[in-house]
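After the structure tokens below, expect a handful of questions from me.
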Amino acid sequence: MPTFDRRTVDERATVVVIEGELDIGSADALRSALDAAAAEGTAVVRLEAAGVHFLDSSALGVILAAGQRLAERGSRLELANATPAVRRILEMTLITRTVHVIP
Amino acid sequence: MPTFDRRTVDERATVVVIEGELDIGSADALRSALDAAAAEGTAVVRLEAAGVHFLDSSALGVILAAGQRLAERGSRLELANATPAVRRILEMTLITRTVHVIP
Amino acid sequence: MSDSDRLSVTLSSAPGNLPLVRHAIRGFLDASDVADPPAGEVLLAVTEACANVVQHAYVGDPEPGAIELEAELSGNRLVISVRDHGHGFAPRLDSPGAGLGLPVIASLTDRLEIRPTPGSGTEIMMAFALNEAA
Amino acid sequence: MSDSDRLSVTLSSAPGNLPLVRHAIRGFLDASDVADPPAGEVLLAVTEACANVVQHAYVGDPEPGAIELEAELSGNRLVISVRDHGHGFAPRLDSPGAGLGLPVIASLTDRLEIRPTPGSGTEIMMAFALNEAA
């Protein structure tokens, strides 16, 4: 099971540090973690993804939905330090329009 | 192009008589016809489908969406006299939960 | 000496051409005495494959591209391929469709194959086993 | 005298088994010196195919069914098949997914084949051409 360590930093970003592999077995946990992060009400929700070594289309769907909801209220979802495994599916699906990918 | 002949009958059903083949080339026309029928506000919208000799998944999607919208306001969508071509895709997708198919 | 019937059609990828696709396939199936079912299933699968070319293969291009349709019937085996020279198969988050096309095709066929067209684009091969109907 | 490596694994169709699927495939690819890329692409395609078995193949059944995974590498051609003995391929209007699985698989593979498993269920065959990386 992946772990989702959440904290609020000064710049009003909620940072979610994700470790593990994201697939349909962890999609519910991911959804809850993103909902809880969005509920902090900060301008930015940033996923620290350096520890994500696998991400499938169901996790992508969860991230996309969260990004859309944040965008609707004027916040934004950032994805930082994406590994090659994460970049692969992001680029394939051009999700970069909704989610801000930070090198 | 299919034609969509619409009228309101005594029993407060709006009947849409559809003639032709329904695919992505006619999906917009189908959507408009169903929207206009729903706007009549009757309890029933009935699609007379004896003249529909082809129906693809995009037309099915349009019909399903209309059926859901009607169900939300307490109305219902009926599909009458479906040809084998229409039944085939209805049954494959079990759409019969939202749309009332009348033999 | 032909124990195999063939059809080969190239059309522009415009939505208005889908009835023409069905017309060509209907004619081919009629000429080969294919009954309905499964003729209706074949028409549905081929329409879905061609609709995908219309909606996805050439997305972003100023002009429609080509849909290349080939059908071959030998014995009770019907193979239909739909080829485009578009940008290649790719998932689309902004798809205008409900995502039913490929599942419908897969459930109607006895074998569905998807592979890149040499050069560029996608080829979809659909095989149907015709179990002699009436 | 084996110029071809094989892997064969059968697992129960539970979501918690997907990491095991990747573990098995990773081990197989490592043992065969397959680089990344394309190892990551292979893992993604196989996960999507197995996730489909978990979510769709045995829908309505009280117990999970089997996922049969086979991989064969000969020369630079890797073929992985995922087989289930479920209710067969069918479109689902109530799918819990976003409809990205098949398109993702099709875009990652050099050939995707879908056909019924003899008896019941679905077999998905994915072919990858490994263009010798570093």
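Letters A, B, C and D mark the chains as written, and numbering starts fresh at 1 in each.
In this section, a contact is a pair of C-beta atoms (placed from the backbone, for glycine too) under 8 Å apart; a residue touches a chain by one contact, two chains touch by 3 or more.
Remember, it's a predicted structure, so these values are computed and weren't measured experimentally.
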- Message: Please give the groups of chains connected via touching, computed with subunit C left out.
- Response: one piece
- Query: With respect to inter-chain C-beta contacts, which pair, B-D or A-D, contains the greater number?
  - Reply: A-D
- Item | Farthest chain (mean CA position) relative to subunit C | A
- Query: So, what's the distance in Å between the C-alpha centres of subunit C and subunit A?
  - Reply: 38
- Message: Averaging over Cα atoms per chain, report the distance between subunit C and subunit D in Å.
- Response: 25
- Touching at least 2 other chains, the residues of subunit D are 90-93, 98, 100, 104, 107
- Give the residues of subunit B that touch two or more other chains, as numbers and ranges in rising order. 57, 64, 92-93
- Message: Edges wherever two chains touch, nodes for the chains themselves; is that graph a line, a ring, a star, complete, or other here?
- Response: other
- All pairs of touching chains, please: list them by chain label. A-C, A-D, B-C, B-D, C-D
- Item | In the complex, subunit D residues that touch subunit C | 88-93, 95, 98-100, 102-104, 106-107, 109-116, 122
- In the complex, go through subunit D and note every residue touching subunit B. 90-93
- Message: Quick check on the complex: what are the subunit A residues that touch subunit D?
- Response: 21, 23-25, 54, 56-58, 60-61, 64, 84-85, 88-89, 92-93
- Task: Flag every residue of subunit C that touches subunit B in the complex, lowest number first.
- Result: 15-16, 18-19, 22, 36-37, 40-41, 43-44, 47-48, 51, 54-55, 97-98, 100-101, 104, 107-108
- Task: In the complex, go through subunit B and note every residue touching subunit D.
- Result: 57, 64, 92-95
